[in-house]
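Each of the next two complexes has chain A plus one more chain, namely chain B in the first and chain C in the second.
Up next is the complex of A and B:
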């Protein structure tokens, strides 16, 4: 396997990991299957477009000529994507979690409500921005840099780097902070956590916001290569869901490993001549379904950290 | 000679407007059965009216009536609709048929599969290809479609036994996408944008998109819906459905009594998939072509919205939900993307407020009302002669319960009317004229029960009468007792004394 392929695989894996870990985290902590994750992705893309168009000239004017200007611009874009994603996560919390989280049949009802949010959001974006694909301001150009002999496009390097940093921050926050402790308690035993005085409502909001922010980051990072469109969230959602499933819904390490596996698989399938880019999806789904039939709890089942 | 007065019957009770038949009392009790089965056609309940003692016949389950009104109305109205609305009606019938069968999978079999449109689409493609490329005549397309549906259903059912619930639902979302991509890879179809056109059909070529063709399309779609409903009825309410119902309530128990519910689930899934394949073939014939749109995620979500709005697991829910969504989506086409937002809003509202969709709203409302009532009853601490719920079950004569409740309320109102002015008014003119309030109070006293009713005893000689107050025993042969030793000079004074005693009793009760 040549080096460019590895980079491409890592690039895909990074985006998938951001989506799948968000979905997995949400399921394991509050038991909600967030079907509006794709909508968060699309909304964050458009939010970044609007905010970026407003803020970037400002940044350029202030820091004109600085060497780190591209990095600053990227940070601004990432921050706006993360903010919009987190805000949209708050909306999902208000509509899809708060009214029904203590009612009967919450998993299915939560799934339905978030599905409806997804449907409405995509149409609203279509209505507001039109069906035309739009490009996010490209910060890095298409330059390459050479890292230890591996040719690396700037945006790929940025995506992989930013994902590693973001995931590191989120995982550290989960591991080290007080809120993270509460969230992990809720993951292990929701009822026990509630009995120890952890408010489900107060803990759920940061989780939804953080997962929304991760989707927002994924949107910004991916839109360096792919255009923003109202339906842009559908594919990341489906793939994120399936990867989360493969990782064994609820297991963060499982989702990370699954994202790596699927990203690699996609890159390799695309490179094999007789399969090609068009059969990627079929091969991917075939692989995941086979794994799930053999091990219904996915990779997380092996790591045994899933929510029953 | 006076005319006999005909008795007037007033309708009373909670369900006084319910329609009942009055069959001939001399005829035997009888209900029609479905030929060859032990089932009855309708859920008639016979009985006797407790007041008139006449025979009565009541339809205990009125859902067939509503089905008849709804579907009959559609069938009668459709030929008069303009072409565009007729097409909406056709779409409604086809989607409703698909949703009813889907309901069978989700509700009866309890498998949350979202691969419905994938089965419909694959079967449709297979049937269309068989007709166009292999020259299979159109009547056989149904068989091809059903067979392909069965095979695809079998493939889909494989993981369903291993993977449960939401996991399976997520997995099946991807299936339609795989089908879409796979078919778009077929080179032979590439020139026509991956769709198959000029499919043979029950609608003759020159009728297509003409008025007679549309009418024929509607008639067949309507029959398709009826067939789907029949399938639902046959599976859901017969052996398979009952087995699965038992499994839904308690899997371990049903297994212990010998129900192989996994097998029953599989059977329902396979039968439903074959039926979906049948619908797929029909779909290809109805539009004389089939394209990749069948597999689109939006279409799937729209179908899911229909099921969710109506309520998962009930045929009427599937049909109601389909009607709502199809009307918003197809009839309000001027609204543009707004109508999908509207559908999503309805979906959210229904999911947040109802437990099992719109079809269940009535029983949910009744449950809510019942809860509120019993809460209120439990919170009330006053008794005042009223029957409390726990003793009400012991009393056979329910009218007594109602009377005592009425009596308590009446007394509560009368107590507010008793004022010093009222007593003064009675003292000055015991025999009237009375004000309205006093008349009401006196009327209530006059209606009192015989035990402990007061009477005035007149003693002495003419011109020098003395009056005292007594209380009747209410039992034959038992003399009245003396209430107190007070003696009154005039009859009016005695009247007033009785009044005061009664007022005292009223205020103390």
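Up next is the complex of A and C:
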């Protein structure tokens, strides 16, 4: 395995981790399997496109000639993606959570409603922006930097770096803040949380917004290499979901490890000559099914030493 | 002064009706025990007061506020609101958070602004009540024994002062020595102008610990036994 392959694997893992941890958190805290996570991804991509086209010339005019200009531009793009993602998360909360969360069979209803939101959003994007793929302003060009002899494309470095920072912030928020404590309590025992005065309705909004923001960040980071299109969210949604499953729905470290595993597997499978890119999904799903047959609780089940 | 007045409360799960027109009045400062066999509705009564059953009807007046009413959906939806009115409940099975530490559990129980501000002091008070918890402060609750979990669960309910404490089966699944310790700790709770209701199967454990005992059989309250001196 050469260095470039490792970098590619880390790049993929970073995007997958952002999606999977969001899906995993949503499922375990408010019991919603968010099928609209892909829509959040696509909407955030287009939102960044619109906002970026409006804001980037401004940034360029103000900070013209500064050495950190590309970094500033990237920050602007990331912030717009995160904001649009969080706002769309709020919309999902209003449409797909608030009206039905206390009805019977919420997990199934929630899945159907969010799937509907997903389909409607993709169609709306098709109608408004057209089917043509569009490129996000490429901030870094195609330059490379050399890190300890490893050739690293700027956008890859940015993706890996930004993901580590973002996940660090989210994990610290979950671990250290009072809201985070409430969310973790709700994840582990909804009834115990209710009896501690923790309201699902109040706690769900920040969770949906934060996971939406993570999907938005993933969209911006991925669109440095892939185009923005209305259906762009489908693959990240599917991969995020299977990785969340592999990680043992609800375990954040489990999802992170699963993302690393699946990202590496994808990079390696693509590099093996007789398998190649077209066999990536087959190998991935085969791997995940095998793991789930042997360890039904996924990787999270291996990590936790507590009994239920 | 009446703290809790339950009138014609029926409740159950799906087609199954467990409680049949219960009437119960609890005065301020009272320590009450509801005794009865397994499966006769003690837990369901507590869960109906906190809106955790599938459906219910009938009036529950808590300190003059109606928290009952008729509903067939949305179990748990109003529970945080009822808790915030001042009803603290230790549910059967403890409802602990397996991955959180003892300290985090107690912090979860401190939902009011004031309790959160003085949570360190209140944790100390809980540790004084349950000394074994002190050295377990940073242990994950999922790795604790049944007795320790019960202490954590009761401690969580005590972190914010409530007007009504509902303690469901404090002795369930515990060794006799430990359940005596838990009951003794419940005796220590200062109910002030509130009240405490304990649901229990083991009548001898409650000997001399409560002011009033009410029997429960087949979803109905049977007989107000009053203060009991046993053997």
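Convention: the second predicted complex is superposed on the first by the 303 of 308 C-alpha atoms of A that agree within 3 Å, B and C clash if a C-alpha of one lies under 4 Å from a C-alpha of the other, contacts with A are read in each partner's own complex, and residues count from 1 in each chain.
Definition applied: a residue touches a chain if its C-beta (ideal position, glycine included) is under 8 Å from a C-beta of that chain, and two chains touch if they have at least 3 such contacts.
Owing to the predicted nature of the structure, the values given are computational and were not obtained by experimental measurement.
In the model built by aligning both structures on chain A, chain B fits alongside chain C without clashing.
In the superposed model, A:95 lies in contact with chain B only, and not with chain C.
Using the contact criterion defined above for the overlaid structures, shared-chain residue A:214 touches neither chain B nor chain C, since it reaches no partner.
After superposition on chain A, the vertex angle at the CA centre of chain A, spanning the CA centres of chain B and chain C, is 60 degrees to the nearest 10. Judged by the touch definition given at the top, the superposed model places A:26 against neither chain B nor chain C. Touch criterion met: A:194 reaches chain C, while chain B stays clear of it.
Taking chain A as the reference chain, the count of touched residues is higher for B when chain B and chain C are set side by side. Of the two partner chains placed by superposition, chain B and chain C are both touched by A:104. In the overlay built on the shared chain, the residue A:82 is in contact with neither chain B nor chain C. Superposition on the common chain A brings chain B within a closest Cα-Cα distance of 8 Å of chain C. Touching of chain A by both chain B and chain C, each in its own complex, is seen for residues 104. Residues 102-104, 178, 181-182, 184-185, 188-200, 304-308 of chain A are the ones that touch chain C when the two sit in their complex. Considering their complex, residues 33, 95, 99-100, 104-105, 107-109, 111-113, 115-120, 123-124, 126-127, 234, 238, 241-242, 245, 249, 278-279, 281-282, 285-286, 288-289, 292-293, 296 of chain A touch chain B. Across the complex, chain B meets chain A through its residues 112, 158-159, 162-167, 169-171, 173-175, 177-178, 181-182, 184-185, 297-298, 301, 304-305, 308, 336-338, 340-341, 343-345, 347-348, 351-352, 355. Touching chain A in their complex are the following residues of chain C: 50, 52, 73-77, 79-81, 83-84, 88-89, 91, 94-100, 104, 107-109, 111-112, 116, 140-143, 156-157, 160.
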